[in-house]
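Two complexes, one shared chain (chain A), two partners (chain B, chain C).
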Partner chain A sequence: MEEPKKEEIVTYPKYAPGTHVRTSDIREKKITYTWWEPEIQYAWSVGPAMSKFLQGLKEGKILGVHCHKCKRLIVPPRSFCEYCYGPTEDWVELKDTGTINTYSISYLDPNANRIEEPILIGVISIDGAYPEPMGFMHYFGEMSKDEIKIGMRVKAVWKPENEREGAITDIKYFKPLRGGEI
Partner chain B sequence: MKKDVAVIGAGMTLFRRRLKETGKELSYLAAKMAMEEAGIQKDDIDMVVMGTAPDAFDGIHMKGENLLDGAAGAGKPYVRVFNGGGTGVFAPIAGWWHVASGVADVCLVIAEEKMGSCYPHPQTAFRHIWDPILDRPLKPNLVWLFAMEMNRYMTVHNIKKEDIARVSVKNKRNAVGHPCAQLADPHITVDDVLNSEIMAWPVQRLDISPPSDGASALLFCSEDVVRQYTDDPVWIDGVGWSIDSTMWTNRDLYFPRYVSKAAKMAYKMAGIHNPRKEIDFAEPYDPFDYKELHHMEGLLLCDKGEAPILTREGVTQRDGDLPICPSGGLLGVGNPIAATMGQKACELYWQLSGKAGKRQIPDDPMVGVGQAWGDIMQMATVIAMRRG
Partner chain C sequence: MTFIEKQTDPMAPTHWRGDMQADYLYPNGVAGDKFFKYIKNNDGFLATPCKKCNKVLFPPRLYCEDCFSEIPEEDWIQVPASGTIRLFTIARINAHGKRMKEPKVMALIDIDQTDGALLGVINSKDLEKDHTGLRVRAIFRPMDQREGTLKDIINWEIIS
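Then we have the complex of A and B:
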């Protein structure tokens, strides 16, 4: 007598529809495709708060603004506090020093192409702003990838005054604040 | 009165770096699978929800409208929802409220993504998500964000990279049982992950999920009509979502507090008082291996910094006490942004209805939680399902 067939376990999804194609199938025109390269440009007005902040950078200053209700000294500054939803007030100049809150050592360029010399980037908590972490993203320089660490003290390296244009890149990068320096 | 919402069918396409089918065709294939399982025709569907992520991937603005016909939406109330990587669980949340509110008896939820259209690599489209004033002048790469968050998480809790790599190994091995999987690998080891190419330290090649094309589908119905379709429904017990400030450089990234807010909302709705005891398995969002750990902590499944320890001890394996990402997750099955609904919501249904076959968690799990995450490290979406 024939043994009853052992019931095969069915796994859902029961099938996987779709046809895999390779990048080479496009390159070698093995599949039919259409092509489009967008040409599109934007000019963003940055608004009152960012205008003031970027003007500050042009003058070699990092500006912050208070939300007294939430006990925050905010950088990058904005027109209103996103938590209590009240207006911010009392702009102040902050120091151009801070602490590395986090970082990455990137071997990828903006288009995900590989680069040999890594870019050091991270978030700097700016001195005097609160609560921590309170700061922005920027590059690090004058330090090696083996040296960089969370908690490292850093200081802004500015572009020469005549090259500044009111942009985050008016700061070239943050360098290590060595022992004894202020 | 709020209606109870049942899941009565699910569908999912192959996930691959590039698929030949259009987004419409992929949506159609996933929807048809779900409709066949439930025995439902297009006319039986009252409303349709489409989840699909940035228009820039396909280069088609108003992508929801482009996909409409493939999603059985023509001539019906239809809406596209989108909140970045959170969409994979937000689409079923939106489907849930269509039915829970009583406006639809049957709702089809589709999630679709074609990242392969953006040539040669969708990374170019990701450039457009950064803040144009302060971030873009620095020419950032999206991987930077996750590298910075991963580093913060590792440093605060003093976590070794090898304990994070175990997540990638587990999920790529789990994916071996998934017919749609893009990067299943039964032989991968922790050393393979640790020796893979460095992209943006601490992120290495095998810490990261791949871009993919794919679609997934779910069919929901109300308690009033569920008996027409099945005797064994899976119920949606709770949903939650929360988003934190866009100003990510003013937040400590070591803990995703917005995930815990979304989780608490879902658990309250589901009557889950002790998530560690009452949740049998979870599908936290795992586009990177550290994100699974980060999200287990955000979902309150363990203490802060404890997830790597549970992983090292085997607790999160498919046959462990708290299976995590039994589907194989994004790391193993693939990451077509919104379509990861297939791992984060469809998988809950397949596991809870006992249909996961080769991936089935032993001992008949009763409660599963899925979660997705997106935008600039700020969006969390959570769904809890229960076996009927």
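Then we have the complex of A and C:
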């Protein structure tokens, strides 16, 4: 058999400086480039329990489901209890009021742009769900960043019925429950 | 484990739909920039010969991909926008997955005087024909419509 040829030793520059591209080079079209916006669409199956929850939101209701064994009223609802892995049962409609469990004052919008007026966001313990805290995350409105505090009583502000689409954003935000309001 | 809840309403929102924004900008690089700017103003291509490997690299490169030797600027050559079809396929579905009204003949074209190739659309309606080995020539857009991309080539015309 013929011996394989010894490959020539490859030499290459130790340091290649590269070429800097500035944003202005692209804006002023000094250099050519390829720009593409791929279409990336997804459909994520939310499952039977979350489907029912989203349908409830469309009807202006917050739905929860029980695990009697673990003594829980779960919201957002699940098909099974994540403590005992048993199936959940007995759906109930909960009030659209709750208590601020935790919150954040964000000076960044969802696209990470800096903003002047902060977004108030946090977790609400929904009234009637147990053990506390049990609830979900949402925006807060009709309150200032100085007013917001943990333990504050809040109530959902819903979109008009014809604008609801079965999404968590069917609730616009939670507003403070001020003295005497139910 | 059995689930007590069952989905019976097919119209209930069981899927959450969304789309992801993932647009990107890819500068063509030093050699690519030269290549596309040349297309914008000329009805031909540029290529880079590697004298060590005795190969003409196309599309042009700053370095030979085999021996890593740098290709000096004075070695760049102009080549005609013509070539020979190495292989081809019939495209019936477009980039968005939709069926096209008129299928297109897509081909890999060995560019004349180089060892490289380009993908292109062949100006041919004959879907039964074997296109391999046919000589083709690039049809460019009018000068005032060119943008310095491969889209400046409308399609490739069969010359033999």
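Just so we're on the same page, the second predicted complex is superposed on the first by the 142 of 182 C-alpha atoms of A that agree within 3 Å, B and C clash if a C-alpha of one lies under 4 Å from a C-alpha of the other, contacts with A are read in each partner's own complex, and residues count from 1 in each chain.
In this text, a residue touches a chain if its C-beta (ideal position, glycine included) is under 8 Å from a C-beta of that chain, and two chains touch if they have at least 3 such contacts.
None of these values were measured; they are calculated from a predicted model.
In the superposition on chain A, contact is made by A:Val46 with both chain B and chain C. In the superposition on chain A, A:Leu177 makes contact with neither chain B nor chain C. By the touch criterion defined above, A:Ile31 lies against chain B and chain C together after alignment on the C-alpha atoms of chain A.
When the two structures are aligned on the shared chain, A:Ile168 is found in touch with chain B, with no touch to chain C.
More residues of chain A are touched by B (comparison of chain B with chain C). Legend: residue contacts after superposition of the two complexes on their common chain; A:Met143 is shown touching neither chain B nor chain C.
In the superposed pair of complexes, A:Thr88 makes contact with chain C only, with no contact to chain B.
When the two structures are aligned on the shared chain, A:Cys70 is found in touch with neither chain B nor chain C.
By the touch criterion defined above, A:Val157 reaches neither chain B nor chain C. Residues 10-13, 19, 21, 26, 31, 36, 38, 42, 44, 46, 54 of chain A lie in contact with chain B in one complex and with chain C in the other.
Residues 1-7, 12-30, 32-33, 36-37, 63, 67-68, 70, 96, 148-149 of chain C are the ones touching chain A in the complex.
The part of chain B that touches chain A in the complex is made up of residues 10-21, 26, 29-30, 33, 59, 116, 119-121, 123-124, 127, 132-135, 137-141, 143-144, 147-149, 151-152, 155, 177, 179-180, 197-203, 213-214, 245-247, 249-253, 346, 350, 355-360. Considering their complex, residues 9-23, 25-26, 31, 36, 38, 42, 44, 46, 50, 54, 74, 76, 78, 82-83, 101-112, 118, 121-123, 132-139, 145, 150, 167-169 of chain A touch chain B.
In the complex of the two chains, the chain A residues touching chain C come out as 8, 10-13, 19, 21, 26, 31-49, 51-52, 54-55, 58, 79-80, 85-89, 166.
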